[in-house]
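Each in structure tokens, the structures are laid out below.
Okay, so chain A shows up in both of these, paired with chain B first and chain C after.
This part shows the complex of A and B:
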């Protein structure tokens, strides 16, 4: 089961995914990047059916890139999220649905606002201040509900994430050793190491 | 000699010309004039109706100016029936974009899709080209106000002031003379708008002036005209297609440029 959650402030979004690729009783890979960069200021984290995850991400990534190249401008995070939801919805009632859960994070350079979208495998979408997919939600919503405020700073969000790690370490059956932590803000996307939190 | 190469759109002549496309453009040069003028606060579109008769129910009849989308309005010159088909297709294209991205289609992309369609009819299928030129006036959040002209060949370009239809070269030269061209380039993080010094008032005045010089009848009246403007209201694009009363008001307001001082 993947850990996948994210928190957005007014002008940044910080996303966390674990790095483990497990299959049955095996740990196949422990440095897997479960995020997918869509443009300089938008990315998404993906979890779900293995195979569908990479297939769907690559399809979306290609199409978002094609738009940028064709039109000499990027899609905004809202446009990207709506496009993704539409594609997932079309696939749902077709011969080849994709079982993927996504968190789309971005910074809108036009309105100067950060945005986070939660999209589940049935292509329900919600614009949210913070969200999680999978079992980790059962533990983390409690923490985030308590600590989150709308004017949270990046440092505040980092502290909140540390608390989230604590809860998972204490109570969740899976031992997550390493996480991919990504921030998107006005200057683009960057990766943080766990030490930088 | 040209006759041998002009009956099929999908072949070149020996001089490298596409006669059908050129004939389409010729048809448009006999159609009612459409003028567009860009200002820093909006765009004015004015058009001359050619079908005038006392029997026409004009208040319900749109002949030249059509809304494509919440943020784009277009004036057409040429075959009305061809224009209708293209307008319908553009409207569908714009709505499909809105459905896909939950965001209004940027003006240039809409014009480009329309032009790609027109170009197709000059290369495939053996069907004749559309005998229509468009002046598309629109607004989007990336580039602000834009005015595009497109022709039957599928070419399009962005203009500060443009004219299509009858007497277009005449109108174009007046526009060139009178348009206040000093501009300030407004730079922003992603906004590439070039602000002209024309206000909406200047644009309306200039439009009336050009109309009076290019339209045959000595006196302009709302019976012969269609008028529309696109501006911003509360940060959102606002298209206003004028009623005949409103057109009369505009003509009255800019009387001074319509009736030159030396004629009684």
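This part shows the complex of A and C:
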């Protein structure tokens, strides 16, 4: 059960995933990075079926990188998200569908706007201001609906995320000890620690 | 030709349980005699775990304890050696560590055939890599090969939870690969029905900067405690140390004897009333 959610402002997207790899009743690894960097200004967080997650991420990562190399230009977040959705849709009714849930976050250097796309394992896609995958949505959507505004600042988003952590800590049965927090904005992608929130 | 056919058709093959149809000119041909009372569905039912595998895949024995951890001088790999078939112990001397090549080891948990076959295939691929690239394969690449191999069979019933341990240019390497397609790197893993017990010992005593003797002791104790509590683990402790120069195996130890070694206060006596007494503390 992975925690996976993200919030976007006008010029940034901040994404959060937990760091645990669990197998039945065991914690196998607690410092796993569940995000996949696609280019300098686009990344996606991935959850779902073990095996499918790593294989699909690597496939998309390779193809996005190939485009950048061939065309000396990165795909924009919207182009990336639509490409990913297309690949997932093609795989869906094939011999090997991928059961992965994604949040694609990016900053478009052309239009100077941030973008967040929610894509689920059935390859439904929506461009959203904030989103979550998995059980954490049941707890976090209410908080995000209440606190979010379209002109939220990075500090405002950080405060909102802290509130999200509080809700999960208080009410969710799984105690997530650590999270991978990534921000993408005009200057690229960077990782924040929980203390920097 | 017709006369020949009639002659053959007229042969009485009934002593072999074969019956000819003499009505037609054509040769009826022999028919198969099946084993008496054969009922394929009932036969397979014994081996199919219908409750947990709704696709009725063959029931795989998962009873095992395997562990591996990295430390400053390499990787320690330790396993038990029990194989169970339902409630019966099929063997107490199974080799659950697979020697892929002189510097790579794999462990076996899940289906024995799946593990040993695919790790042997991995050994072949690693050798081919060496021949093509004139260098040893890294642990990351070897484990990735195995992960990609089994990913192709995902959902088709392979059962494999294995750890690939070795030493390459980056130092000690350890990956967990399973038949779900998962591949993760970490310093410490335990896999199998007894893994939770082994984790109990490992998590409380493991340190990266242990000396070899201490590392071996922690591994031995972890397997011992797992075999003590898990019915499906037991037999002997097999231990390997993967160092820069390759792996080396250690003498085998029976977990039954380890019980008395770790509990010196408990001694067997010949008394009929209480065959097992605790000796008074000196």
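Some notes on this structure:
Just so we're on the same page, the second predicted complex is superposed on the first by the 197 of 197 C-alpha atoms of A that agree within 3 Å, B and C clash if a C-alpha of one lies under 4 Å from a C-alpha of the other, contacts with A are read in each partner's own complex, and residues count from 1 in each chain.
The rule we apply is simple: contacts are C-beta pairs under 8 Å (C-beta built on N, C-alpha and C of every residue); 3 or more make two chains touch, one makes a residue touch a chain.
Please read all numbers here as calculations on a predicted model, not as lab measurements.
Once the two complexes are laid over each other on the shared chain, residue contacts for A:25 go to chain C alone; chain B is not touched. Of the two partner chains, neither chain B nor chain C is touched by A:177.
By the document's definition of touching, of the two partners only chain C reaches A:51; chain B does not.
Contacts of A:149 after superposition on the shared chain: neither chain B nor chain C is touched. Put simply, chain B touches chain A in their complex at residues 99-103, 106, 108-109, 141-142, 189-190.
Of all residues in chain C, only 147, 151, 154, 176, 178, 180-186, 189, 195-196, 199 touch chain A in the complex they form. Of all residues in chain A, those touching chain B in their complex are 71, 73, 75-76, 78-79, 82-83, 86, 109-110.
Remark: chain A residues 21, 23, 25-26, 28-29, 32, 49-52, 54-55 touch chain C in the complex.
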